[in-house]
Amino acid sequence: MSETYTLYNQTVMDHFQNPRNMGDIKDADGIGEVGAAACGDIMKISLKIKNGRIEDARFKTFGCGSAIASSSMATELIKGRTIEEAMSFSNQEVVDALGGLPPVKIHCSVLAEEALKAALEDYVKKHPEVAAKAPAAV
Amino acid sequence: MSETYTLYNQTVMDHFQNPRNMGDIKDADGIGEVGAAACGDIMKISLKIKNGRIEDARFKTFGCGSAIASSSMATELIKGRTIEEAMSFSNQEVVDALGGLPPVKIHCSVLAEEALKAALEDYVKKHPEVAAKAPAAV
Amino acid sequence: MRHVFLDHQSATPLLPEVFEEMRPFFMEAFGNPSSLHQHGLRVRDALKKARVRIAALINAESDEEIFFTSDGTESANLAIKGVAYANERRGKHLVVSATEHPSVMNSVEFLEKQGWTTTRVPVDSQGRVKPEHVAGAITDKTVLVAVHHVNHDIGTIQPVQEIGRVTAEKGVPFYVDCEASAGWLPVDVQAMGANLVSFSPHRYYGPKGVGVLYRNRKARIVSIIHGGVQEGGRRAGTENVPAIVGGGLASEIALREMPSRASHVAALQKRLWEGLKARIQYLKLNGPEPGPERVPTNLNLSTEFIEGEGQLLSLDISGIAVASGSSCVSKSLKISHVLAAIGLDHALAQGNIIMTLGKDNTEEEIDYVIETFSRIVTKLRAMSPMWEEFESGVIDSVVRPTGRGKSFSDHAASVSGKPAH
Amino acid sequence: MRHVFLDHQSATPLLPEVFEEMRPFFMEAFGNPSSLHQHGLRVRDALKKARVRIAALINAESDEEIFFTSDGTESANLAIKGVAYANERRGKHLVVSATEHPSVMNSVEFLEKQGWTTTRVPVDSQGRVKPEHVAGAITDKTVLVAVHHVNHDIGTIQPVQEIGRVTAEKGVPFYVDCEASAGWLPVDVQAMGANLVSFSPHRYYGPKGVGVLYRNRKARIVSIIHGGVQEGGRRAGTENVPAIVGGGLASEIALREMPSRASHVAALQKRLWEGLKARIQYLKLNGPEPGPERVPTNLNLSTEFIEGEGQLLSLDISGIAVASGSSCVSKSLKISHVLAAIGLDHALAQGNIIMTLGKDNTEEEIDYVIETFSRIVTKLRAMSPMWEEFESGVIDSVVRPTGRGKSFSDHAASVSGKPAH
């Protein structure tokens, strides 16, 4: 076979094969671990936050190719954002940045959003002063 | 295509293509015309009978290939037989002489037997003296 | 010996270019479209392409409306039973024309055993369904109307567009069996107002082993072959990839070549019918005259006073392949229900011969058929007691009555002791 | 790049000699077997030959017991529904094993909607059905027992001969789905005591587009695809002649080559399993150990702490084609019901990978797979939060429990808020 056929598009395949930000952050400021009841995937995102801004984000994922790509992309997208900006992060950004996901795999991007939100929540819980500033998102 | 494929065996095909005894007998001594309710075939057999023996037999058939072949074969078989012999003629003789018929076409041979019997009946009706000799078959 | 194939309703040879298109999918791209690896994904792409091509043939809005089955029969079963089962709670009444193909008729009979009721809309002597009769048959329990586009036996083109307007107005899904028209006549599912359409590429130089069901969102269907989630859950089972691929290309070619194929066969149809009519007396054309109401591929004839199988066999011996709707050629010993539905006299139904034309038939072939067939008719009539009885005035002709003698049917009933069926 | 095809359960490439056998039936002998002329009769002969060859593969008494359908799924549907509908008046109870293929399971579910009841006989942790459980499930309303020969997912060989004795004693028809065994293991319908058997030649280097149903006189069936009277009235629709012809030859070759094919794949199966086991920790073989209770083509593995689709994708990128029963690869997002039926921990079901061998796989390929797969597992585990949590003692291993930490499932349920399914 000369051509290559892939289940996901090139961007997704690239993020699956060469995931960005894979790993853990030592002394993370916020850690979120969530699971998808639908399929059993588990995603963990850890954040380094400085001056209200996400300095670093890392992920670990137990899940399918699109789950790994979604967490890789989500961590890429989120780095550098303020907490407030991150609070309104939506899975659609991941889908768009990945150039689309198969319909049955959209929930993987939702999981990435949830993991991120959980990590933020964790941070906010440890930093009540932030919660006071942005109560709506939590 | 090099080989020839036929619906019926060679004998049946031969009798269909080159029917023996096709036609009518002028001044026939007995004529039988019968129809198959099952499929609508019609068969007519006319006999020339001399000294209690079938001297000539002819057929005309409105029906499928196996009906035509059956009547051709039946007239062949019956020629030279005595009335008594002919009275016990059975369709199985036709089937055997034709080297077999497809199951769904056995009724064609039955029709040939019936046409022959009807012709004999016709003859006997006109010759009550024969009936007296062989009452069982009619 | 000359070989003339005049049974294109039963089979068409695969186009060489379609064969070439299929070839890699046997040994090289042999994957299963359900597989998530290279081998599966490659053939998945090929199925998609076939779907798009087939959607184009029938002017479907989207290739997602195309479902693959194993043949036209299965597609018809899926259309009928799939809709019936999906709408069981809404109602259990079906409307079908009286001359549908057995795949429709017998699906409906099966459902009747399970509690559905069916109205069979009669046809006129040309085999046409009247839209107003369809309208009259629809009740508030009707979940499907089925009327074929072209009749497989007698070539009648149905007023499907008008019927589509009726069903749209009544809000009842409309299923059109296009097996005898697709690839030969334009089939526009949108113009027809059809919600379901079935056909099979083997009727237009595509491969056997694949059927198509078009279904749009206005008709709910459930699966009838259960298992995996192939074909969007509408048809389980490993897809016949080479046949689907071939069906796609055959459809594309059929669409492109339709005008030339159609005019070619129409000219031959005219030549054949006029030649036979001129040479053979007591010959009847069943269904409409060649023209706008008849598919250009089909001639359905009744040769009076002789039976169909003998004609078919004799033609075959002369290298000419045809079909017949006579009871002798059917496995059930019954005449075609289509001939019964148009009220064809039993005598004529028995003498039935069906000639269906294809793109490769030639004028020379047609002339050979005319010549050969008239010779055969003469020979068979000489063997037939009916011809003799007609000539001697015992029975009369149905095709061209003389006013002398009784009817063939009466005569047949008297010699067989029972009326023929 | 190297290409290693280890998904023979989903597809096999057509044998070149089978392709050659099929070839004339596309363009030259393109007739319809229902036709009464040369073109039809020629292919009728070819179908007969295929039937005889297929009867030989499974030791059927007569080729008249062989019916052609479009695939293994349709054959399974016909076996189940055909028997159920034919015996409706006698009883409406079915007995099936819990690990039947979806084509059986979903046919049964469909019948349940129509008023049938079913007993699903459980399997043990190796996927084996106990004959006494089958015996216990049969009631006087039971019209069919269905137990497959070999499981499609985990390769378990069922004690069909013993079950056949049970059903014979009870006088209940016995249906054996042999799709995962035919062509690879001896299938002897008489020794099995099977009244119905289904399979498809595309599993052993035959073409797609044909399925087989064996049925002997002790099991009454009715048709489920209605229409013409093809296949002795048991399956309507134009026969897929080239595929049937190809299926016939593929069956003849499979029978002849079975001993060599089986011993070849058995050796590779052993090499692969032992190689993987030696290189990869926390790897579980699902189903019986390679040997007399497992089909020699199949290895079903669970790689703990990582999910199946990622393994499958990574293998594909390295040119290795495999399957997975993980929920992520299924269109329904559910793990294989077979893995659920053997009580496999959800954590392990998620990490499922299925490798199925074929006659053309080589030792070198197997060694490449072992090497590549262990590299991939290491990479994916490095990405997995579960591996990390196992290493840090938060959760425990199912494959080789340490006694430290909670179970993966508990952990998964706590992070997802719901138990996984």
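The first chain written gets the first letter, and so on, giving A, B, C and D; residue counts start at 1 in each chain.
To be clear about the criterion, a contact is a pair of C-beta atoms (placed from the backbone, for glycine too) under 8 Å apart; a residue touches a chain by one contact, two chains touch by 3 or more.
Remember, predicted model here, so these are calculated numbers, not experimental data.
*Asks:* Select the chain at the greatest separation from chain B, using centres from the mean of Cα atoms.
*Replies:* Looking at centroid distances, A is the chain farthest away.
*Asks:* Roughly how far is chain B from chain D, centre to centre by C-alpha average, rounded to an integer in Å?
*Replies:* Using C-alpha averages as centres, the distance is 57 Å.
*Asks:* Taking the mean of the C-alpha atoms as each chain's centre, how many Å separate chain A from chain B?
*Replies:* It comes to 90 Å between the two C-alpha centres.
*Asks:* Taking each chain's centre as the mean position of its Cα atoms, how many Å separate chain C from chain D?
*Replies:* About 37 Å separates the centre of chain C from that of chain D.
*Asks:* Which positions in chain C touch two or more other chains at once?
*Replies:* 3, 28, 36, 38-39, 309, 313, 329, 331
*Asks:* Mark out which residues of chain B touch at least two other chains, giving numbers and ranges.
*Replies:* 1, 7
*Asks:* Which of line, ring, star, complete and other names the graph you get from chains that touch?
*Replies:* other
*Asks:* Kindly provide every pair of chains that touch.
*Replies:* Touching chain pairs, listed by label, are A-C, A-D, B-C, B-D, C-D.
*Asks:* Where on chain A is chain D touching in the complex?
*Replies:* Against chain D, the touching part of chain A is residues 1, 7, 13, 16-17, 19, 22, 24, 33-44, 60-65, 67-68, 104.
*Asks:* Give the list of chain C residues in touch with chain A in this complex.
*Replies:* Listed in rising order, the residues are 28-29, 36, 38-39, 41-42, 44-45.
*Asks:* Which of the residues in chain C end up touching chain B in this complex?
*Replies:* 3, 305-310, 313-314, 317, 326-329, 331, 333, 335, 346, 350, 382-386, 388, 412-413, 415-421
*Asks:* Touching residues of chain D toward chain C in the complex: what are they?
*Replies:* Counting only chain D, the residues touching chain C are 3, 5, 7, 10-14, 16, 19, 26-28, 30-32, 34-40, 69-74, 76-77, 101-103, 106-107, 109-110, 114, 200, 202, 207-211, 224-229, 236-243, 309, 312-313, 315-316, 319, 321-324, 329, 331-332.
*Asks:* Could you list, by residue number, the parts of chain A that touch chain C in their complex?
*Replies:* Result: residues 1, 3-7 of chain A touch chain C.
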